[in-house]
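What follows is chain A paired twice: with chain B in the first complex and chain C in the second.
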Partner chain A sequence: MVRIGKIVITVMLILALCMVPMGCGGESDVSDVHSFTLGSSVAFDTLNLLSSYMQVTYEFFLLVYDPLVRYDKNYDPIPCLAKDWEISDDELTWTFHLQEGVKWHDGEAFTSEDVKYTYELMMDTGLGYMYELYLSGITDIQCPDDNTVVITTDAPKANMLMNTTPILPKHILRAIAEEELETWQNENPVGTGPYKFDSQGDNFVKVVKNESYFGTMPNVDEFIFVDYENLDALAQALMLGEIDGATNMNPAQIKQLQADENIDVISGEELGFMQVGINCWTDSASKGNPLLLDKNIRHAIELAMNKQKIVDMAYDGQGAIGTTLLNPGDFFHYEPTAEELRSYDPEAANALLDASGYLDKNGDGVRETADGTPLEFDLITIADNVEEVKSGQMIVSDCAKAGIKLNNVTMDSGALYDKIIEGSYDMFIWGWGSDVDPTAILDILTTNQIGGNNEPFFSNARYDQLHTEQQNEMDESKRLEMVQEMQRIVYDEAPYIILIYSNNIQAIRSDRWTGYKQIPETGTYFFNLTNINYMNIKAVE
Partner chain B sequence: MHKGTIAKKLFYAFVTIMIVLVFNYILFRVLPGDPLAMMMRNPKATPEMIEGIKHFYGLDQPWHIQFFTYFKNMFAGDFGTSFVFKAPVIQVVAGRILPTVLLVGLAEIIAILVGIVIGVLAAWKRGTRLDVGTLGFSLITYSVPTFWLGMIMIVIFCVGLHLFPTSGMFTPGKSFISTGAMLHDLVKHMVLPVLTMSLVLIGEYALTMRNTLIDVLSEDYITTARAKGFRERYVLTKHALPNAMLPMITIIAINFGFIVAGAIQVETIFSWPGLGRLMYEALSARDYPLLQGIFLLVTVCVIVANVLADITYAYIDPRVKN
Partner chain C sequence: MMRWNMKIKKLKEFLKIALNNKMALVGMVTLLFFILLAIFGPIFFPFSTMEFGEVEDILLPPSAEHLLGTDDMGRDILANLISGARISLLIGGVATAISMGIGTLIGIMSGYFGKGIDNLLMRFTDFFLVIPWLPLMMVLAAILGTSLWNIIFVIGITGWAGTARVVRSQTLSIKERQFVERTVSIGASNTHIMVHHILPNVFPLIFANTVLVAAVAIVSETTLSFLGLGDPATASWGMMLHYAFESGATSARAYWYYLPPGICVVMVVLSFTLLGYAFDEILNPKLRGR
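Let's turn to the complex of A and B:
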């Protein structure tokens, strides 16, 4: 007893002693190194670009590797490893002239062979999950000399200059057996980019300035990406100055951060949307409610939904109400005409259902079909996504007013994915991240993707045809027309009801940093598919 | 204890581990959810890409083949490759053991010591203001939500007093000039998670200690001891405490077994790179190989701790020895 007491006192004393020096002399190591620490709630998966798929890792690749072309602040292509390029008259052959004297971080010379090797490796193995789709249509790659790459395609390739696939070092990768590439531990990533990999810990990755970079030099000496598991702790860390920037914050945190005069907080538009997916599978294997195959019911559900209220209540006003597959700020966005638009109108929803013959004959508040089947569906939301669960609850009460009964079911994302793949659901809420080039996000609703990304089992021959054609249309205005028609088809068929174009809430310590801006104009500071802010941000004098 | 008895106990422990392994294997696969969901829910993923990944991780094999491959490889020391981290499970798990043991282990030791002292004092001074006060303290810390307590800690010690950093184990990306500087940084980061964790644990120990000791103190042999004229303190330490410690040993052993399982909530609030957090990440990504690796480790530790508790019991309690 006495002995235990002594031990306790000793432990307490040790702890107390530990605390003393921390209070006063904690941060004594002031140096002139400009180091920017970016906190985020998304963690790194692997630094191997061939098998990585996390958003934050993509940021790392933007700094360490270079593509042939990068995006500028308006998402137009600008030279990077390729200083200029030309296209043949038949629009099938592209010649890229590469920068001279570019060195890999390990000192080896960069050549056209690296480009050929990277592209062919991804095309042959299917690896490079974030990039491989951009290489589709390429049939041949030639290297007439060290600084020229000639790429041939089977048909004109409209998104050739949207291809920002990072170029990997052939001299390092060719030493790795092909079957090991998926799990290759890229412990010391070597690129040509403006930053070099420095170190990685349990919850951070650090890069330092590449002093021999061939392009314009960045200002900041080092960037440290830190993973925060808890968003409140992330906000506190930013306010306390432990970190310099933060991304992927919660809408509810904006006000708290705005109150701090040292912090610039934005709610920037990000590419992508949240949608209500509806099971449109016509096959007899479908376990969805067949009533949802009636377009009028899908339309009525959208008319009954008060999307603005959902944005305001579930997302604290951070985001814009959704219509079509591409974001409003996107060059390719299609905005439904006043006649096409199905904005919140409960009366119209009721009128449409009345006209379609769904009436509430037994007076229980739920409409039925002629043979008495009630309009009752399950709406699945992902349990740990607060905003989606709230949205789901609001949709349930909105639809009840139109005589459609929805049952809100929550489950985790893995379980929902299973249901979607099997086609054993009625409706669900989930989201997609999108891209600069529309090909990838439009691809999810092609017939080819049924059993994969085509969640609603949507199939439309015209849509499929346009999807192929737009990839080969070099005339931008014609391509625009095709892409817009595709969005119009989906809006009319409504396999997806686009709920909201969500925002990414990000913040920077403005008392320490300057030179950054939203990319594009209403976009975000980071996670915007460019490294512009990483290159331009600088310390306040 | 008899050597044969110990051998028998170890054999049963091994059998238990095997059964748990099979159970875990089946459990994760019965859970709805496809491991490819998180990996490949990417608009740029083609069906061919998904097939390729399935094949790479052997997910295209029938379940019984996957099952036997898993056990065969496990006995060869290969616990598979994590779907998320693309690295061997052993490597991913090994990196998280030390942080977790450091955090939870230290918190447990503090909680046990403080909890026992509080419990003994409360039982001994039963009914006094000291008893009521410590009982209230224990009940509150026992029932307070860990998550909330962690946030309060951050608000008081980080935001209010600027004493400690909010999260992590070290200042990220910092290179240390000396081991001393590194340790200093570590301790600074450790104080709040350890404090939070121990506060949450103290209640359980204090309440158990108090209750068992009160039971023991009301037994006849204690009255006899007092009647013999022994001093109160002697009665307490030599007669009452040894008996009252028996249930404590059980709790301590079980809790020690779970040390490696980490503390999901504390590790999340303070972004502590431990096993609890890893388990949560692995579960939400349906990272089967990683989950199985972590569960195996936890299983082994819990069972070993129990065997040790059994053996310790035999030495403390003569009734068990016979």
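Let's turn to the complex of A and C:
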């Protein structure tokens, strides 16, 4: 049977390879062109940065475009298009001095007008929503000369230097009508970055080195991003050496990859989490089960969950159990105290429900309220995410032991999104990718985001107030205090039960490549919001 | 009394032919095995699909403790397989009943009334015949949501078109026969004729067709589940294949995980198909003895 399995996989690989431009692999063997092919299980969407939302596309943007500042390996800001900057004494005016002689990939000169145009376009149209919170609070942008940008804000802006919004070419975008910008395909992206767009096919995007780059030159001549729909095919392609690196791999394959001495595989920490979202909408329009508005039930559900077993079984141990909104490795992370912590404790869950008056009076194994309504809720998981479906099943089984009946329902992500927007759900499992600056992830649960990103319809006045204040707090230790209090509020109210901070399984052919490292120290090779490994990786001599 | 004796006699005759037909025999024995497994298996293997094992139980190869090994959630595969037999046969049975019900009703009405009604019903049938069934089922399953009964419903209402066509053609021939004309002349109602005279005569055909449709229904359920549109709370064979594929059992070479449900699906579908062809042969005297 093993032989047959091999034949099938080989046939699949041959088919997959037919779709990859064969020339690229061949060239590197005969000439000195160093080409790195990165396989991934996530697909590209549009190359238009103004409307793109897929993670892998942002890797492409990191190579083709430049921001004013980039992150270093510790996520501290370092110069990029801006060579230095200063802030006024009242902390409201920022002056950025730009690199001189920078050219767009099409030969046009880059000027401060491009910066002003990009920022104003995003602020005026709401496009490029990934960067919205990094541009909020800006009231005025001036270009005194071609190499200076002066930015004024209405209040001190804590995340100004965390703003890595890529600068787009004004001379190209200006020619497109504003109402068409969102659906514009950007078939030939032009940036200032270290790599130039070369070509795009159904399942690949190729970039080549920008020989006239103003900064330090990268080592690799070209990168090819290839999308694999099947995780087994991705792992096999890496083992057979058809690709040089892979991301977003199946945790179940990690042991097999570790056994291969030519492959360097890591389980790197990624910013973000998977959560159980609970409908906390108090409005009469809510179609969620009103019993979930009782914090004690939400707490009991969390106490009943064996998160460690979920991490170990559904995620093959590749992650850490979750508590609060920001990752444990994050400077701003808040770790609940021993008293606050709700770790797995079925007895405590049962005791809490008993004390809250939910008893199983009819002996069917499900607790009821005083008027006889059973504690029965729907738990929605996304059908094609096997980790989430497995987690869901384990939570169902855990909660049954506490006398709470959950019905596991699966649907596709589009259908779940519709239910969340309408507030017609009880509970669901989904995830968020996070960011270096905490503002983006904290913004999700503000009252403003109800009807948008605020999935559980959570509203807390203190939380909202702290969120505004932390964005204007330039003193990092004071900001830390505020951000931690926000996390504590959410942990106590439990609109989200954070299940896991999951890892990204990535691998590189170490027999061919060197010069790369995990970013930050326990992070990932790629998909880490920096282009450091793309710039530093080099072929083994 | 007379009628019952005749029926028993006919049944005995039928069984005699069936037992002499090798295809039918193999099909019947296999199917009987799975039916007994579905009915009595859970009694000997009391098992809940929601009970997970421990971390160290994941993907264990076959051993004395776990005859067919364990899956990616540490569950015993043999127990899962037995529980899956129940689901697969339930789906095969109920979905087929729905399909046959719709197909027979539309087929007989279309053939019997003819003219406008025939045209209307047959164009409706053609619609279901030409629509690619898999995308149709996938869309319906996605809209209705993934529960066991929705899956059964979806398979049931997409699989009846062929039956309707077959039943219609047989009805067309039967309604021209003298005994029907006589019944019409003594003033019997349309319903009476359809239920008491046409239905019993097309029944053998429906019966043979049923068995074939059941095979399709089971494959359909497996396909839908494999594509992730199955009910996550039930352990059907299709769901087992889905989980095996998604969790990388194939590249981990965990053959004990993906082979057993696959083999079971093949065996049950094969037994239904063999029975279907055999019945066709038995009930259709023209084919007998070839």
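By our rule, the second predicted complex is superposed on the first by the 512 of 541 C-alpha atoms of A that agree within 3 Å, B and C clash if a C-alpha of one lies under 4 Å from a C-alpha of the other, contacts with A are read in each partner's own complex, and residues count from 1 in each chain.
One rule holds in what follows: contacts are C-beta pairs under 8 Å (C-beta built on N, C-alpha and C of every residue); 3 or more make two chains touch, one makes a residue touch a chain.
Because the structure is a prediction, the values reported are computed rather than measured.
Novice: Mind working out whether A:204 is in touch with chain B, chain C, both or neither, as first, second, both or neither?
Specialist: first
Novice: Check the residue A:232 against both partner chains and state whether it touches chain B (first), chain C (second), both, or neither.
Specialist: A:232 contacts both chain B and chain C.
Novice: Tell me which touches more residues of chain A here: chain C or chain B.
Specialist: The partner that reaches more residues of chain A in the superposed model: B.
Novice: After the superposition on A, what does A:253 contact: first (chain B), second (chain C), both or neither?
Specialist: A:253 sits against chain C, while chain B stays out of touch.
Novice: Does the superposition put A:453 against chain B (first), chain C (second), both, or neither?
Specialist: Touch partner of A:453: chain B, not chain C.
Novice: Tell me the contact category for A:412 with respect to chain B and chain C: first, second, both or neither.
Specialist: both
Novice: Just chain B (first), just chain C (second), both, or neither: which does A:309 touch?
Specialist: Touch partner of A:309: chain C, not chain B.
Novice: In the overlay, answer first, second, both or neither for which of chain B and chain C A:400 touches.
Specialist: Touch status of A:400: second partner only.
Novice: Looking at A:392 after the superposition, I want to know if it touches chain B, chain C, both of them or none. Which is it: first, second, both, neither?
Specialist: A:392 sits against chain C, while chain B stays out of touch.
Novice: Applying the touch criterion given at the start, work out whether A:383 contacts chain B, chain C, both or neither, answering first, second, both or neither.
Specialist: second
Novice: Could you tell me which stretches of chain A are touched by chain B in one complex and by chain C in the other?
Specialist: Touching chain B in the first complex and chain C in the second, residues 1-2, 5, 232, 236, 384, 411-412, 415 of chain A appear in both lists.
Novice: Which bits of chain A are touching chain C when the two form their complex?
Specialist: That would be residues 1-2, 5, 9, 231-232, 235-236, 250, 252-253, 255-256, 309, 312-313, 317, 381, 383-384, 386, 389-390, 392-394, 396-397, 400, 407-412, 415 of chain A.
Novice: Which residues of chain B touch chain A in their complex?
Specialist: 31-50, 52-53, 56, 81, 84-87, 95-96, 99, 109-110, 113-114, 116-117, 120, 151, 154-155, 158-159, 161-170, 172-173, 175, 184, 187-188, 191, 233, 236-237, 241, 267-271, 273, 277, 281, 284-286
Novice: Quick one: which bits of chain A touch chain B in the complex? Just the residue numbers, please.
Specialist: Against chain B, chain A makes touches at 1-2, 4-5, 7-8, 11, 15, 18-19, 21-23, 26, 35, 37, 43, 45-46, 48, 51, 53, 125-126, 129-133, 182-185, 198-199, 201-204, 206, 222, 224, 226-230, 232-233, 236-237, 239-240, 242, 384, 411-419, 421, 432-435, 440-441, 443-444, 448-449, 451-453.
Novice: Considering only the defined contacts, which chain C positions touch chain A in the complex?
Specialist: Going by the criterion above, the answer is residues 50-52, 54-55, 58, 72-74, 142, 145-147, 228-229, 231-233, 243, 246-253, 255, 259.
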